[in-house]
Amino acid sequence: MRLTAYRKAHFNAAHRLYRPDWSDEKNEKIFGKCNNPHFHGHNYDMEIGVSGEVDPETGYLIDLKILKDIIKSEVEDALDHKNLNEEVPEFKELIPTAEHIAFVIYNKIKAKLDPKYDLEVKLYETPRNFVLYKGE
Amino acid sequence: MRLTAYRKAHFNAAHRLYRPDWSDEKNEKIFGKCNNPHFHGHNYDMEIGVSGEVDPETGYLIDLKILKDIIKSEVEDALDHKNLNEEVPEFKELIPTAEHIAFVIYNKIKAKLDPKYDLEVKLYETPRNFVLYKGE
Amino acid sequence: MRLTAYRKAHFNAAHRLYRPDWSDEKNEKIFGKCNNPHFHGHNYDMEIGVSGEVDPETGYLIDLKILKDIIKSEVEDALDHKNLNEEVPEFKELIPTAEHIAFVIYNKIKAKLDPKYDLEVKLYETPRNFVLYKGE
Amino acid sequence: MRLTAYRKAHFNAAHRLYRPDWSDEKNEKIFGKCNNPHFHGHNYDMEIGVSGEVDPETGYLIDLKILKDIIKSEVEDALDHKNLNEEVPEFKELIPTAEHIAFVIYNKIKAKLDPKYDLEVKLYETPRNFVLYKGE
Amino acid sequence: MRLTAYRKAHFNAAHRLYRPDWSDEKNEKIFGKCNNPHFHGHNYDMEIGVSGEVDPETGYLIDLKILKDIIKSEVEDALDHKNLNEEVPEFKELIPTAEHIAFVIYNKIKAKLDPKYDLEVKLYETPRNFVLYKGE
Amino acid sequence: MRLTAYRKAHFNAAHRLYRPDWSDEKNEKIFGKCNNPHFHGHNYDMEIGVSGEVDPETGYLIDLKILKDIIKSEVEDALDHKNLNEEVPEFKELIPTAEHIAFVIYNKIKAKLDPKYDLEVKLYETPRNFVLYKGE
């Protein structure tokens, strides 16, 4: 019996979309007001999905305490109330778009998760804009 | 033209996660406070998805009245305001985790649905924890 | 500058609506399926509102850490994953309707809150049924 | 790195489910109160998903301004505050069920979108009824 | 113990904002695209609040079955899947703005409700636009 | 006929809670991780409520286009994608707590609104923390 279990979580952060190797004009043209050098911010909401076989003994796909602990240590402690550009090493050379943040979250959780599970990360930058990354 | 149509529904129930063949210590260790012998409960929300070909004559994938009636008779009448462990036959020998409840709902609806349709069941145990089962 | 600050919180519990001094028929007539002797349950969502003057020095009405700690110790630890009828002393002689649960939550938080604040409790029994109690 | 980016949007419209080549009795039997000749209406909510490779230079799957402009010109300007049956050419010969509206929206957006992207359209007719069309 | 109990409900309808005693130009200027002569529509969501004293015997402010029945007969049966301008007598001479629809709903429910209760009607025309009427 | 009409709106911003006249230790003690000198951010959601008499001629409390324009020019253009501490004059000497942001939004809208209306501002800093300010 194969199934996906989801857990919602969230963090708040500041960011800026900007490439130092581009002119100010190009940054402004591509990233618009997301390029604001003083930063802006979001409440990021996540739906972390883990897929695999249900354990017939417990009826659990995964003990959610394990998943919650991974999300807390890898994502919330690392990103919550942070400036992604200034304080999060993964974004020193990676522009913190929603796409890249989902990619970073995926990799950080995947590294701690039993490899028997597949993983997917849905990341809401706002209630109207979100991305889904499945490690493809 | 292949498409999925979804219908939301919900029921409220009490449950307890517990294996009688385990010691109290093991039940407590694996199921934590969900093992409370006095039961606790949830508002379960469902998104029932039905996939198939749209009928070119009606523009419907499925007459939603048919789907609503199946959900009502098979799920709501069977589970709403019930104690899953004590009153629902499917859980006499199956621990009522969200995973197993989704499995039971899937099977109950599938048995009444025209076999030409594929089915998926998303079950929210809380707004933050949910599972998706597609019969795989 | 007077203002209300709100904090959402939630707990899951089982309950039953029942008066031992009534006949089964009367319990059934008044409380319907909420009278199920095997219990059923809900995800209760709360919006706890605290009103008063904003502190000009901090810009805070109340330090939300204080409010979160009170909600955790008085409400979540006391009610989460519990059977309200069987395990919560306040409901030994009080029917755990949404109205009474809001009343109990109000009194438990009010007793710990600085008396300079007014308090209101909005309690969702389901996303469709909820009550608001302001201590009147 | 392959990913899906989603954008929510919405429009309000009137419609009626009806086939002129059917008798009134058959229209009533199949479409029920959705067949009301005076029309009724909905707030339609959409989640438009675009899948493809993330651009390593910008960190964007797609510039959301491009997607928003397509949604505005193709969907919102065409459908918002309209009577789908009377004023939208695509529904002159197509019954405006949720299934068909999703199909029309899919085709209108797909025609304007860079063909390197895959597209999916989730359309909520009400918060409880929705469809997902992926062009299959 | 005074408290407010709320019940959510909903209906779908078509409408048009228009005054026959105004010129087309004035209707267009004041009501914009809401003036479309072919109608448009909404999913209207309501929160019906009833205030009063909790019955100490039942722990209920009001038996929600009574409130649900009133909402069904007075609001849902009267307005759901209807064209408000064409089919609902109250709007023959009253423009069906959200303000007026809330007023009509208030009066229809109030007429059937025990006069010991106060009533309030929150009506969402869209998730972003809503009104609150308390009979003042 | 007196009524309140609400309009939802939103903006994204970065901020930091900090008093320069306090030691780092005191800022840390009072504001915790909200004191991060690199800033963090939120998606702020607003419900702007306007109360008054309904115009019997139009059935409108207020033309929502007027209210939307005021919200856009006074709040969204001023605060969206901004660093509140660094770029918004009102917060040069006012700590940008949710309480103070609601106060600023209230004053900016009130100054542009016909004085016959009462105003209220509900501001969500996160979906779980919000404040309500009515100008008292």
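A, B, C, D, E and F are the chain letters, set down in written order, and residue numbers restart from 1 in every chain.
Here is the rule we use: a residue touches a chain if its C-beta (ideal position, glycine included) is under 8 Å from a C-beta of that chain, and two chains touch if they have at least 3 such contacts.
Not measured: the values here are computed from a predicted model.
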Exercise for the section: Spell out the chains that contact subunit B while also contacting subunit D. Expected result: A
Problem - Shortest walk length in steps over touching chains, subunit B through to subunit E - result: 2
Exercise for the section: Check C-E against D-E and say which one is joined by more contacting C-beta pairs. Expected result: D-E
Practice task
Could you find the chain whose CA centre sits the greatest distance from that of subunit D?
Solution key: C
Problem - Same-site or different-site touching of subunit A by its copy subunit D, using the half cut - result: different
Practice task
Considering only mean CA positions as chain centres, point out the chain farthest from subunit B.
Solution key: F
Problem - Interface copy of B-D among D-E, A-F or A-D, judged by whether over half of the contact pairs recur - result: A-D
Completion exercise
Turning subunit D onto subunit F by a C-alpha fit takes a rotation, in degrees to the nearest 5, of 180
Completion exercise
Chain centres from averaged Cα atoms put subunit B and subunit C apart, in whole Å, by 28
Handout entry: Of all residues in subunit C, the ones touching two or more other chains
Key = 127
Practice task
So, with touch as defined above, which chain pairs make the list?
Solution key: A-B, A-D, A-F, B-C, B-D, C-E, C-F, D-E, E-F
Handout entry: Sites on subunit A touched by subunit B in the complex
Key = 1-9, 49, 54, 57-61, 63-65
Problem - subunit D residues within the subunit E interface of the complex - result: 10, 12-15, 33-34, 36, 38-43, 80-83, 86-87, 126-127
Practice task
Write out the stretch or stretches of subunit A touching subunit D in their complex.
Solution key: 17, 19, 30-32, 94-100, 102-103, 127-133, 136
